[in-house]
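Common to both upcoming complexes is subunit A, partnered first by subunit B, then by subunit C.
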Partner chain A sequence: MEIWRLPISASQRGKLISAGYTSLSSLSSISSSDLARELNVSESEAMNILKVASHSRGSETSNASCSIVEVLDTFQWWAGAQSAWDMLHDEESLMHITTSSADLDNILGGGIHCKEVTEIGGVPGIGKTQLGIQIAVNVQIPNDFGGLGGNSIYIDTEGSFMVERAFQIAEACIEDMSEYNRFLRKDFQECKIKMQPQDILENIFYFRICSYTEQIALINYLDKFLSEHKDVKVIVVDSVTFHFRQDFDDMALRTRVLSGMALKLMNLAKRFSLAVVLLNQVTTKHTEASFQLALALGDSWSHTCTNRIVLYWNGNERYAYIDKSPSLRSA
Partner chain B sequence: MANKLISEIPLPKSIANVFSARNISTAKDALTLTEFELMELLDVGLTEVRSALSQISEIVAPPYQTALSLMEQRFQNEHLGGHFPTGLKGLDAALCGGIPFGVLTELVGPAGIGKTQFCLKLSLLASLPTNYGGLDGRVIYIDVESKFSSRRLLEIGLRSFPEIFQMKEMAQEMAGRILVLRPTSLAEFTQSLEQIKVSLLQKQVKMLVIDSMAALVSGEHEQGARRQQTLSWHISFIKSLAEFSRIPVVVTNQVRSRNHEDASRYSFQVQSRDGAIGTTMQYDSHLVAALGIQWAHAVTTRLVLEAKSGERFIKVAKSPISPPLAFPFHITSSGILLLSDDGKEVMGPEINAIHCQGHNEIINFGMEGLH
Partner chain C sequence: MARLANLETEYPVLDSTVRNFCASHGIFSAAFAEQNDSSERLKEGIAQVLSIIDDMHQPWLNGMELLEDAKRNKHVFPTGIQGIDLLLGDGIRVGQLTELVGPSSSGKTQVCLRTASNVARNHMVLYLDTGNSFSPQCIAYFLGKTISPSSAQAKNQFLQKVMSNISCHSVFDIFAMFDVLHQLESYLRCQDGRGCCQMRLLIVDSISSLISPVLGSSSTLGRALMTSAGYLLKKLAHQHNLAVLIINHTVGGEGGSSKPALGDSWKCIPHSRLFLSCDRGSNTYNVSILRHPSMASVKAARFVI
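And then the complex of A and B:
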């Protein structure tokens, strides 16, 4: 591994190279005080450089000294890597969040997947916010009823979250659970639903965002928030496009910021095993000499989410179309 | 919050100095750069950049509230839990109380159908004291097309609330609460908006009416996407104004004929081969709302006023809390009157369609009916 790949600042790197240290092995035998003198930096900075260097070196030497027999068990060399077999086992034990629509759940393979980013888009008025609120409520269904029993974060960028509607949906959800209870279990005394709509509302953490800077800041902050609130199982962002469509003159900046945000969200989904649902708007796109509807934010954004669902009108009914998914068919 | 100065955020001294040396003074500047860009620019290590960014983010990120506390707060502080009753029983029931606070409500319909009449009635209602169902505050009416008629306003007041309006001082007081602005260009409109935001709370403004939004851009010579971009700043500004002041904002919109640029299908719909979706789209009406799809996304509630076979309907086309209902209505000397409080449920995308049939007869009839 070369010096230029180390995560240290540019000036430190420059000093190392000009002092003659071009590879990691050259740093292996020097002490921190000698290094500090040679590079003309403080002792603590020199110690930091050596620490970083030994980290990167550590992963390499273990590669070199492994024998063939050990190869199969030591997938832990690369921090965070997992064998495909382990991943399959993990995936099967993951729960899904139901959308309360059996057909939609079917084409999604059980519901919204955890550890994945799902994007849902559609024309105004088709029901994206409704679906978002429904998911925020459904994630709270207790484990006994096949749900995740977790909390939810609702990030509102447009101000379309209506508490009254959330209350209605929460009431209906509890009613559904009581029905299910009565249908399947015979002893009424034991399995009484203790949940009230207020309890469901209490578990929805609502953030209102007024600009794209706040959006970026919030997603950075979620890291800390999620480590404090471990029960959160879904993050709903309604809608992820609003602030980015308004007044961005620099399109390249917009793409960079959006992709950075998408990566962080995917990171959060994987680390905390939760589902991320992004609601998107539509725009018109000119293709093949005709204008068609397409989800907003452009082509580069469409690569960033794992699953993509488009809601549209077909005759008098609302339909959902799975546009992109690594494991499900288009339906 | 976005423009919070880095100097005000408690960061370790060394980092704070570096930020200011490199001219990154607001949180916005810092957060729009990626971690590696910041490392290059500031000449510090990755861990320091990460910790600085997380500290900045924590301060800039908005605080959270549980949905429950949100609901309780609204019911405690606001009139009827955050809704402004319009006096039309069926509509109010459908909208869970009335026009919601803090979000944009749009009235769209063909010319002469009654949008301005509705706005006049609402402005009047808002100025009334709370025991009459009003908001007891000032109303700002931005009249772009010079359609505001104070005589008509007083006539509505006299017919609907004779006990108040017959007394001259009361009538003067109520009418005095409605401030009418007449911007002649988009630039003037922008200026007025900024002024409004500043003095909203101290002047006790309880409602904002913009009649009409579409007329503001029709004067500017741009088409399609460019036109939408012109308004995009205004859209987010008005939304944030409504949001932070928690007042109802009513905006009217015009209609235009559908042209070939209006897309209505997705790429996967076009490619479908099973013939379930016909290749020739049958348009129910040739009218669509002006201002485009970006505007349609930005409004929270859309009320479509249309004329069908000689009758007028007001439809709840887009609303997060109501079913898609259509109510027949009439324009009378006391404003708008619903002919039936039970709305008719409209299925499918029909709720968004705007019809204009038999409209001419209504206009003539209406003119006679008013006098």
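And then the complex of A and C:
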């Protein structure tokens, strides 16, 4: 493995190469003080470089001598690799977050999936923010009623989160649950609803961000936040594209930042088993002399989410269709 | 390339005189050694260094050996989708890098899942997923369609056997992908030569989401990472007899048409490129060849998944 594939800074890399170290094996037998002397860097920097190098090499040397039995085992042993059979069983036990709309749940196959990034887009005023709030509330339905019983994170970029509305939705949710309770478990008097609307609101962690740098910083911070708050089961971002649309001069930077952000969100979804819901705006695209609505930020962004739902008006009614999904049909 | 000082423990002829001589000519590592007609001792030292270099690169092969290797090892795997197989002349080839390009939701992941389920019947498959879009239900569905109806238990056993051959790994940045590929390389080096079920297909979905965060900034690191990723994949494909399938997406080109992402430097790296698109209304997909070693370009076909 070559030196310049290591995630170290460019100046350190330059020093390593000019001193003659171009591959990892050349770093294997040198001590950190010698390295510090040769490269003219501090001892702690040299130790850091050696640590990164040995971490990357560790996996290579461990496979140097293997028997047939070990070979078959090490295949699955790679950190994070899973066979498709195991994943099939895991997926069957994953719960979905209901959206409180039976039709939408139907086309989604039960609700929003965990471990995936779902993007919901639509024209202004169609109810994306309401849907986002509803999902943030629904995730807190306890397990007895078929929900996930988790907390939620709501990241607001536009300032359209209304607490009073969230309170109303929480009350309605609890009423729903008690009706459900009465309907199905007529003889189980002990199953009383212990939740109050205030509890539901307490479990929504709200962040308000005002610029794209704050957005990037927040996504980076979420890693630490989620390790402390393990109950979080959904992250709703409303709306993810707001700060990137106007006044962004450097398009290449925008693409880089957005794809990096998308990868980090994917990583969070997979590692902590939560669902990520991104709300997006639409723009008009001029193709073949007709105008067509398409989600903002273009093709490179639309490639980065796992599922996509588009909401639109048809006459006086709202319709939704699935634009992209790995396991569901278009509907 | 190891530093000469470190090599002294293995090859004692490279003692300090040789090293001082090399140092005076600006040679610090084996990569810079050159022929010279000084004393015998130095000649020995230099010859030793050159033989170390020789060990490090690939052996020379002549045409007959290449042909034999192609016939014996480089098979063609059908993807299981008739339209694509007809278009490619039987399927994707081992030892080559095949790229699927297309706008969003044009069926690229579905084609990969279908190919994986087809190849997994007899060989192992590694799926590197960047967007959590690997769907075991799809694989189970494709496999279920192909076997004849039998008892539920036999079907379950079949599914288990085939799906255990597919290994899915999530990677979320390009350095993680390099780690995985290097682990894969050392694993394959152990495995080559054993008769048991071997890995024959590597899928990367999608390479563009790994490379976009680093490409295009003022440093050239992004492009270096991109080309070295391409070369590493090609090296794995050729040396260890893998078929490699990668997914790329499109960006807007001039005049509103879409063109493959990652730019011109990436264009020449995959051996064959297929462009997919989808007719929304009719649920059929179009595929056309952008580049292929043995088929004419611009051929097109339609298929339904």
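One rule holds in what follows: the second predicted complex is superposed on the first by the 321 of 331 C-alpha atoms of A that agree within 3 Å, B and C clash if a C-alpha of one lies under 4 Å from a C-alpha of the other, contacts with A are read in each partner's own complex, and residues count from 1 in each chain.
The rule is short, and it goes like this: contacts are C-beta pairs under 8 Å (C-beta built on N, C-alpha and C of every residue); 3 or more make two chains touch, one makes a residue touch a chain.
Remember, predicted model here, so these are calculated numbers, not experimental data.
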Exercise for the section: Identify the partner contact of A:Arg256: answer first if only subunit B is touched, second if only subunit C is, both if each is, neither if none is. Expected result: both
Practice task
Classify the contacts of A:Ser273 with the two partner chains as first (subunit B alone), second (subunit C alone), both, or neither.
Solution key: neither
Practice task
Please work out whether A:Asp323 is in contact with subunit B alone, subunit C alone, both, or neither, and reply first, second, both or neither.
Solution key: both
Practice task
Classify the contacts of A:Ser178 with the two partner chains as first (subunit B alone), second (subunit C alone), both, or neither.
Solution key: neither
Exercise for the section: For A:Glu116, select first, second, both or neither according to whether it touches subunit B, subunit C, the two together, or no partner. Expected result: second
Exercise for the section: Tell me which partner A:Cys305 touches in the superposition: subunit B (first), subunit C (second), both or neither. Expected result: second
Exercise for the section: Mind sorting out which residues of subunit A both subunit B and subunit C touch, each in its own complex? Expected result: 7, 10, 253, 256-257, 260, 287, 323, 330
Exercise for the section: Quick one: which bits of subunit B touch subunit A in the complex? Just the residue numbers, please. Expected result: 1-3, 27-28, 31-32, 34, 39-40, 42-46, 53-54, 56-71, 74, 81, 96, 100, 102-103, 232-233, 235-236, 239-240, 242-243, 260-270, 276-277, 293-294, 296-300, 302, 317-318, 320-321, 347-352
Handout entry: Residues of subunit C that touch subunit A when the two form their complex
Key = 1-3, 6, 9, 28-29, 31, 103-105, 109-110, 113, 120, 124, 126-127, 130-140, 159-160, 163-170, 172-173, 175, 178-180, 182-183, 186-187, 189-191, 194, 196, 206, 208-210, 212-217, 219, 221, 224-225, 228, 249-252, 256, 258, 261, 280, 283
Problem - Contact footprint of subunit B on subunit A as seen in their complex - result: 7-12, 48, 123-125, 129-130, 153-154, 158-168, 198, 201-214, 216-221, 223-225, 239, 242-243, 245-247, 253, 256-257, 260, 281-285, 287, 290-294, 310, 312-317, 321, 323, 330
Problem - Residue ranges of subunit A in contact with subunit C within the complex - result: 1-2, 4-7, 10, 19-23, 25-26, 29-30, 56, 59-60, 63-64, 66, 68, 71-72, 74-76, 78, 80-85, 87-88, 91, 115-117, 252-253, 255-257, 259-260, 262-264, 266-267, 269-270, 286-287, 298-300, 302-306, 308, 323-324, 326-327, 330
